[in-house]
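For clarity, chains are labelled A, B and C in written order, and residue numbers in each chain start from 1.
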Amino acid sequence: MKLSCEVNVHHLTRVEGHGNIHISIKNGVVKKAQWEVVETPRFFEAMLVGKHWENAPYVCGRICGICSIGHTLASIRAVENAFGITPSTQTANLRLLLKHMETLQSHILHLYFLAAPDFLGAGSVLPLATTHPEVVQRALRLKLLANDACDIIGGRRLHPTRTVVGGFTMLPEKGALEKIRQRLLASVPDLLASAELFKTFAIPDFSRETEFVSLKGDTGYPFIGGGLVSTDGVVKKEHQYRAMTNEYCQKGFTSKLSKLSRPSFAVGALARLNNNFTKLHPTAREISKFLGLVPVNHNPYMGNVAQLVECVQVVLDSVQLIDTLLGSPWQEARQPVKAKKGEGVGAVEVPRGILYHYYKFDKEGKVIKADCVIPTSQNHANILHDIEALAGQYAKTGKQDREIELLAEMLVRAYDPCISCSVH
Amino acid sequence: MSEPLSYLGVPLARPKVGFFELSSCEGCQLQLLNNEATLLDFLNLVEIVNFREGMSERGDNYDIAFVEGSVTRKDEIARLTAIRKHAKILVALGSCACFGGVNQLKNRFRDLEWVKKEVYDDFPIETMEVHPLADFVQVDLEIFGCPIKKEEVERIVTDLVLGKTVRHPEYPVCMECKANENICLFELGEPCLGPITRAGCDAWCTSNRRGCWGCRGPAEGANLKQLEEIMRTYGFARETILDRLECFGGFASFADTLRPKAKKSPVTQKATAGRKKS
Amino acid sequence: MVHTAATDSHLLKKDHLKGFLRKLAKEYRLVAPVRNRHGDVLFTVIDDLDAAEIELSEPPQNSLKQFFLPQQEQLSTYTVTPEGYDFHPVQATIPPTIYFGVHPCDLSAVLYMDVVFSRRQRDPFYLRRRHGSVLIGVNCNSPSPNCFCNATGSGPFLEMGSDLQLTDLGDRFLVETGRAPGQALIERWQGFFSPSADKDRAAHYQAFLEARGRFSRQVHVEQAIRQLEADTVEEKIWQELSLRCQDCGGCAYLCPTCTCFTISDQRLDAASGRRLRSWDACTFAGFTAMAGDHNPVQAKTAAIRQRFTHKLRDDVRLNGRPSCVGCGRCVSICFGGTDIVRFVERVCQGSL
C-alpha cells in the first residue's frame, strides 16, 4: 500500500488571495502539514492614521473585493459607535438588506464558481457551462439578482457608493425595491434546486472538534452588531472583541492569527449556524436538516452547506425587510454627523465570518489608532489544524497524492478564505 | 462554446488571456465575473488560460496579461517581470495597477519601519514603498478605476480583440455627471473631484450623490490649481481636498504640492508626512 | 417695441385652463413645466393631467432642446457584411405634441434651432420632431434672478413666433394668436375663450412694463457684441476665464441654443452596431480633434473664445441677433464662474 505522499500547492486556485498547502507523509507518518499565507500586506491600519474619519469607511471598504459592503458597514458602525450615533430604523433595515444581498452574492459565487467544480469534477466553472448549463444559468441568475439589489440599495455592487456614516447619500426607488422583492420570491425554486444539487455532492467524511465563534442573535439570525459568543461558552460584548480574537503573529503567515479557548477556532457560516440554529427562518432550518446539518456540526466541509442554508435565510428575511421598508414613507436618508474624541467597535457578520473594525479618534475626528480583525485571519489557525488532522486521518489509507491534494484544497475552499482580506 | 467569430469577413483569433494579481483586493477581477448578463459572451471572445481566482488550470501561453494590484514587496517585481516576458500585451487593471491605488496611502509616511510596527509590532514583515506597474515594466494599456467599470473593460477587450485603437475619454467625470442631469454636488455641500478626474465611469459615484474621489486619475488638461480655488470658495478645507487627491495616487504629484501646507496632526508627526519622490 | 396686444386676442379664464388642456391632451402629447417630487420644475411629458403640478411662474431647469435634439439619438443601425457596412435608418413616429407654458427665452431658442437645422441642409431627425409640434408660450411677468432676456431681445414678452401666447392677468390669461396652428386651436375650442376688451389689453401692457422693471441684473450684451465685432476684447480676459473652465460642458448641455453634436458608431457585437448622435460642446478638448491626432484649436483659451464669439458675434452677423437668449441657465450651472454673464461683465469692466 502507498504510505507516502507529497502535496505542494503553490498559490491555491479558486480562493481569494495567495495561500500555499504543503503536506508530506512518509511511511504513514505525517512529517509536515502546512497552510501558508504569503499574501502581501497592504497596511490599512497604518494608512488611516492621521486621516479624517470620513476616510475610514471609504478606504477600508477597499480591503476586500468580495465583501466590500461588509467592510464598509463594519467601518461605518465603528465610527458611529465612537461618535455615539444610533442609525435610524430605516437606515438599519436598509443596511441589513444590503448586507443580506452581499451575503447571497458572495455565497453563490463561492458555492457555484469556486466550490462546485470540485464536486462536479471540473477545474473551473467554464466547462460546466457546456456540461451543466442549467446549473451555471441558475448560479448566474441568483448572482445577478443579488448584485442588482446591491446596486439599487448601495449604489454599486463593489465598493458601494451610497453608504456613509449617518445613513445613505440616496435612497432606492420604491418601485425598484418592489421589483427586487418579486425577484427574491421567484428565486426560491432556484434555491431549492441548489439544495437538491448539493444533496447529491459527496461531502468528505472528516470531523475535528472545533470552537465556533459568531455574533449571538437576540431576536433574529444575527448579521450586524450585538453580543459575541462561542460554542465553548465564551460570551463577550462587541467592544470586548480583542478578548475574543487574541491576535498573534506566527512564521509562515503574513496574516495575523487568532485563538480563544483552544489553540484555534472557526468563524463563518458554519459557526453562525452552529450558534444560532434556532434563530433561522423555519424554512431555512428545514433545508438545513434536509442537508444533514444540525448543530453542533464539526465537519468543516459542511461550511458549503451552511452557506446554502444562509442563502435561503437571507432571501426570506430580505422579503420581510422590503415589506417593512415599503410599508412606510421614506424618512431622511442621512443624519448629521458630529465628530468627537473616543473609540468605537463595529462587529458585522460578513460572508466568511465575524469581522471587527475598531477606531480611536482625537477630538477633531482624526484616526489615532485603527484595527481590523478579519474572519479569514481568525480561521487560518483552524485551517492549519484541520489540514494536520486531515493528513493524519488519510496518512495510512493509501490514497494517491492527487486525492489528498484535492481533499486539502477542498478543505481550504470550504472556509471560503479571503486571503488578501485577512492580510490587508 | 459557440461557433467561431468573424469580423468584416475575417475570422477572429480568440486571444489567450491571463489574469494576475499583485497587492490588491482582487475586486477588479471579480468585476469581470460580476457581469452575469454578458459573462458567457465575453468569455467566448477570449480564451482564458490563467485565472487563479476562478479556475484550477494554469498556463503561461497568454497573449494578453491583465495585472491587477500594485507592487508592494520585492518578490512581486520578479513575478511582474516574468508576466511581462510572456505577454504580448500587458494591461494594468484598475487604479492600484495604474497609480498604486489606496495601497500608496502608506507612502505618506516616510518611515516604513514605523508603518510595519504600527500593524505588526516587532514581528518581521517584508514590504516596500508602493509602486504602480509602470515603474518596473512597460505597460501597454491602462484600465482606470476603483473598481474598474465592467462595461468599459468589455469595450476595451473587444477593441483589443478586433485590433482597434483603444481610446480613453479625455474629458472629466464632471461632463458625464452633467449629461446624467445630476444636481452639482458642490451645491449640496459635498466635495467632489469630478471636474478634474478622467471620465469613462459614467459618473458612477456622483450619480449616487457621492462626491468623486478621483480614482481614475486626472483628465487630459485637468485644471487642478483652479479646482482647488473653486473648492475653497465653496468652503471645503484644504485637507478635505487633499484626502481625495491622495486617495488613489492618480494625482500624486499635485497632492505633494498641497501636503506640506496641510495641517499636520500630532499622530503623523512621528512619521513625517510627505511622499518620497520615486 | 410696441407691446400692446394685438386686437386679435382672447381671454381664457384660469378656471378653464385645466379643461382646455384636457381637450388638447386627448389629441396631442402634452409637454409642460411640471414640479416633480423633489421640488424641481422641468419640462415633462404629462401622462396624467390631474396628478401633474404645472408651474408657470418659475423657469424650468431644462429647455425644449432635448425634445427636438435629444441628448443621444439613434440615427441608424448597421450590419457588418463581408462587403462592408449596411446602414438601416431608424424609423420613428413622433406624436404631434403641444409644448405648453414655454417662456419667451425658450421659445426664441426653438426659433433659432429651426434656422440652424433647416437653413442650408434640412436635418430630417430634427424636423421630424419639430414637425407637428405646437408651441404655446407664456410671457414672463416676474423674471428670475439670473434672467437677462431683456438684454438679448428675447423677452420678457414675446412678440412673434409662437402659435398661441399667454399673459397672466391675475384671474385670467390674455391669449394672443400667432401662427396658424394656434388660430386653429382657438377656433376648434372656442367655447373656452371670450373676446378681450381694451382694459384687458391695457392690463397686458401694464404687466409688460412692470416685468421690464423687475430684472435684477443689467447685462450689457450689446456692448460685448460691439467689442467682439471690433476685436477689442483683451487677451487676458479670455485667459482668465479659460483658466477657470473645468471642461464639464454643463453650459452647453443646459443652453437652449447650443446645438453642436457629434456622431459616433457603437458596436453592439462583431456583426452589427448603431450610429448615434450626441450633444457635444465647443469647450471640450476633443471638439476640434481630427484624424491623425491633429487639433487646430489647441489652447484652452481658444475653446472659450469660440463659445462666446459664436454666440455673440457670428450669430449676430448671420441672423442679426445673438444666439444667447438670456435664460441664465449657464449662470446657475457654472461652478467655475465662466458663464456668459461673467464674460460680458468682464468685457464691460475692461472697457471702463
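Methods note: contacts are C-beta pairs under 8 Å (C-beta built on N, C-alpha and C of every residue); 3 or more make two chains touch, one makes a residue touch a chain.
None of the values given here were measured: they were computed from a predicted structure.
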Under the document's definition of touching, what chains do subunit A and subunit B have as common neighbours? none
Which two chains have the most contacts between them? A-B
Which chain, with its centre taken as the mean C-alpha position, is closest to the global C-alpha centre? B
Centre distance in Å when subunit A and subunit B are each reduced to the mean of their C-alpha atoms: 25
From the mean C-alpha coordinate of subunit A to that of subunit C, what's the distance rounded to whole Å? 54
If you average the CA atoms of subunit B and of subunit C, how many Å lie between those two points? 40
Within their complex, subunit C touches subunit B through residues 62, 71, 80-82, 84, 243-250, 253, 267, 269-271, 279, 281, 284-286, 300, 333, 335-337
In their shared complex, subunit C is touched by residues of subunit B numbered 5-9, 12, 41, 158, 162, 170-172, 174-175, 177-179, 181, 184, 186-187, 194-196, 219-221, 223, 226-227, 230, 234
Along subunit B, where are the residues that touch subunit A in the complex? 1, 21-31, 33-34, 36-37, 39-40, 43, 48, 51-58, 72-73, 76, 101-103, 105-106, 108-109, 114-116, 118-121, 123, 125, 127, 146-147, 204-205, 208-210, 213, 239-240, 243, 247, 265-268, 271, 273
Quick check: in the complex, which residue numbers of subunit A touch subunit B? 11, 13-17, 40-47, 49-52, 54-55, 58-59, 62-66, 68, 109, 113-114, 117, 123-126, 129-130, 136, 140-141, 143-144, 147, 155-159, 161-162, 164, 169-170, 249, 254, 256, 362, 364, 366-368, 420-421
